[in-house]
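The structure under discussion is supplied below as structure tokens; questions concerning it will follow.
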Amino acid sequence: MAPSPEQNPLADAPEPVEGVEETAGFRVSLTNFDGPFDLLLNLISKHEMDITEVSLSAVTNDFIAYLSHLDDDEELDQASEFLVVAATLLDMKVAGLLPQGELVDAEAVALLEARDLLFARLLQYRAFKEVSAWFARCLQREDRRHVRAVRLDEKHRRQTPELVWTLTVDDFAALALLAFAPKEIPHVGLDHLHAPLISIREQAAIVVTLLRSTESVSFRELVAGVTEPGIVVARFISVLELYRHAALSFEQLEPLGELTLRWAADTWSDETLATLGADYDR
Amino acid sequence: MTDDSSSSSVIEEAVRDTPLSERVEAILLIVDEPIGLVALAAAVGSPVPAVRQTLETLVDDYDGRGHGPRRGFELREVGGGWRLYVRENHDDLVAEFIGGQAPARLSQAALETLAVIAYKQPVTRSQVASIRAVNVDSVVRTLLARGLITELFADSETGAINYGTSDALLQHLGINSLDELPPISPLLDDGADGFDEGTIR
Amino acid sequence: MTDDSSSSSVIEEAVRDTPLSERVEAILLIVDEPIGLVALAAAVGSPVPAVRQTLETLVDDYDGRGHGPRRGFELREVGGGWRLYVRENHDDLVAEFIGGQAPARLSQAALETLAVIAYKQPVTRSQVASIRAVNVDSVVRTLLARGLITELFADSETGAINYGTSDALLQHLGINSLDELPPISPLLDDGADGFDEGTIR
């Protein structure tokens, strides 16, 4: 029950504190299983917490750390038994550990239920995450295997049944679109949290069009009729960006006075426009 | 060799003329997907038990436990049927000979989604998403495109499509049936139920 | 099993570890077309005379003149190369098995691959694979066997075979020429550009 530290499967778990040796014994206590409560108490005592205050995520982390050190299927089997026991007990917690005799208000119950629900989901998710490693391993192993997949001999090929073809040419084109669609697997992005509402590039395109159509234009004219402050800002930024690219010149006769802009680019391509303001994308 | 022979007489003739093991081998040599025991028995015109016995003998035979030498190929039961494979220790040799590129690996997200679908099928996208806590649409599309999962049926009420794993997945995993998936807790079912109802049972 | 082994050491290791007959069988199991003696010897990393000797032994072996039973397949030298064939007296059995299969439908994977080839031809397998992001070898084989695509020519530098669609596909689609395929740009153009850079042309 006191393995050496390097055998400790929880070495990289957060806050290993003083319960390290006990929890390291998971492997042992699984083989001579004393009873489900031992396990749960182990987990709880490790975090020196009242059972109603058990940090569910900490317990889960321990459990996962334990799981990650299991290798073969048999141990995975044991681990799933452990999962049943641990999760069931935690499930019982709501009913069993609510303060007796006190007035239990519905909100507190709901809170506890929500927490257990969270925990159940966490365990569930982690279980799938764990088992996905098995999938990865099997897929990888089988990828290397070579099955006999040889084209039929010509003489046998002639005897193959007719092909059933149901696609119209438009179906076929739709299928092609699907096939050419990028297959990359997207990650969970945070872009939607600060999606740019106004594109500097779009505004720059407007600015460029306006500037190239006349001799000179004031900034006031450039934003005439625009009510949205964001767009005014975006147009101003695009003016600065265009100035940086030497695509325009401006003159201001007095501080805070009228800003007059002139198109100054000898060469200009839409490509420049496409990358304009890229610094502002993030 | 009788061109005008009827279907049944072809098989009868073969049954009369040649050992079952040869007929089984002939079919195994030309199949391009795992062939199930019953289909194989029908193809060679022999009873299922005899074919099963023959397959076992062939497995032993190819593995060098019969009369001849060990073979460079082996007979495996994968994805619900039997198929000839290059013996595993020659895979590197064959890979080098073929020189093909390794297929793209699945992302962790795809693997987890696949695991959820494998254990919880039939399951809808939104159910998978509730377990994985992210939108899984594009991952599901990837898995569909790879043929690892299939659309099983649409929910009669909501119209949501239920997904399940394909036989191809079993082949890619090198297992014969879903029973061979490593067991995970039966509690997972309860957890899902509790979750769907928004309560703990 | 050493992942980091260099090309030559894979062969060396195999040569050291396993009988030549097994290595020859491993290669023979996966070749589509008859493989010449020299190419086979190179693949298994053994001298030509030894490989020739092994082939002869295997022929005898499969024909039942070795230690084991006669096999349902045989090893024949055809057109200057060696390949496994169904033993001739089982041809009728095989014909019946193939003819008795349910009318074939193409899988989603096969259809998508076919679509890629239709719009990108001439195109090599590895180019298709990089667009589809999966290994397409077996699907291409199916399409070839179905006569929906044909081998157009081999790349002069790499030797990679370029594929195109057949007239049979046009007939299935009810069009007279490839020009009648509905345009699917600009997606296709984008894909094509990125894709040409990444591959051999």
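Points worth noting:
Letters are used for the chains, namely A, B and C, taken in the order the chains are written, and counting of residues starts over at 1 for each.
Keep in mind that, in the parts below, contacts are C-beta pairs under 8 Å (C-beta built on N, C-alpha and C of every residue); 3 or more make two chains touch, one makes a residue touch a chain.
Please read all numbers here as calculations on a predicted model, not as lab measurements.
Of all chains, the one whose mean C-alpha position sits at the greatest distance from that of subunit A is C. The chain occupying the central position, as judged from C-alpha centroids, is B. Centre-to-centre, using mean CA coordinates, subunit A is 39 Å away from subunit C.
Centroids built from CA atoms put subunit B at 31 Å from subunit A.
Rounded to a whole number, the gap between the C-alpha centres of subunit B and subunit C is 21 angstrom. For subunit A, the set of residues touching two or more other chains reads 146, 148-150, 152-153, 156, 178, 183.
Looking at subunit B, one finds that residues 28-30, 32, 73, 84, 86, 92, 94, 98, 103-104, 145 touch two or more other chains. Within the complex formed with subunit B, the subunit C residues making contact are 1, 5, 7, 10-11, 13-14, 17-19, 21-30, 43-45, 61, 66-73, 84, 86-87, 89-90, 92-94, 96-98, 100, 107-109, 112, 126, 129, 132-135, 137-138, 141-142.
Note for the complex: subunit A touches subunit C at residues 146, 148-153, 155-157, 159-165, 167-170, 172-173, 175-184. Only residues 28-30, 32, 73, 83-86, 88, 91-92, 94-95, 98, 102-112, 114-116, 118-119, 131-135, 138-139, 142, 145, 171-175, 181-188, 191-192, 194-195, 199-201 of subunit B touch subunit A when the two sit together in their complex. Remark: subunit A residues 73, 76-77, 80-81, 83-84, 87-88, 91, 94, 113, 116-117, 120-121, 123-125, 127-136, 138-150, 152-153, 156, 178, 183, 185-188 touch subunit B in the complex.
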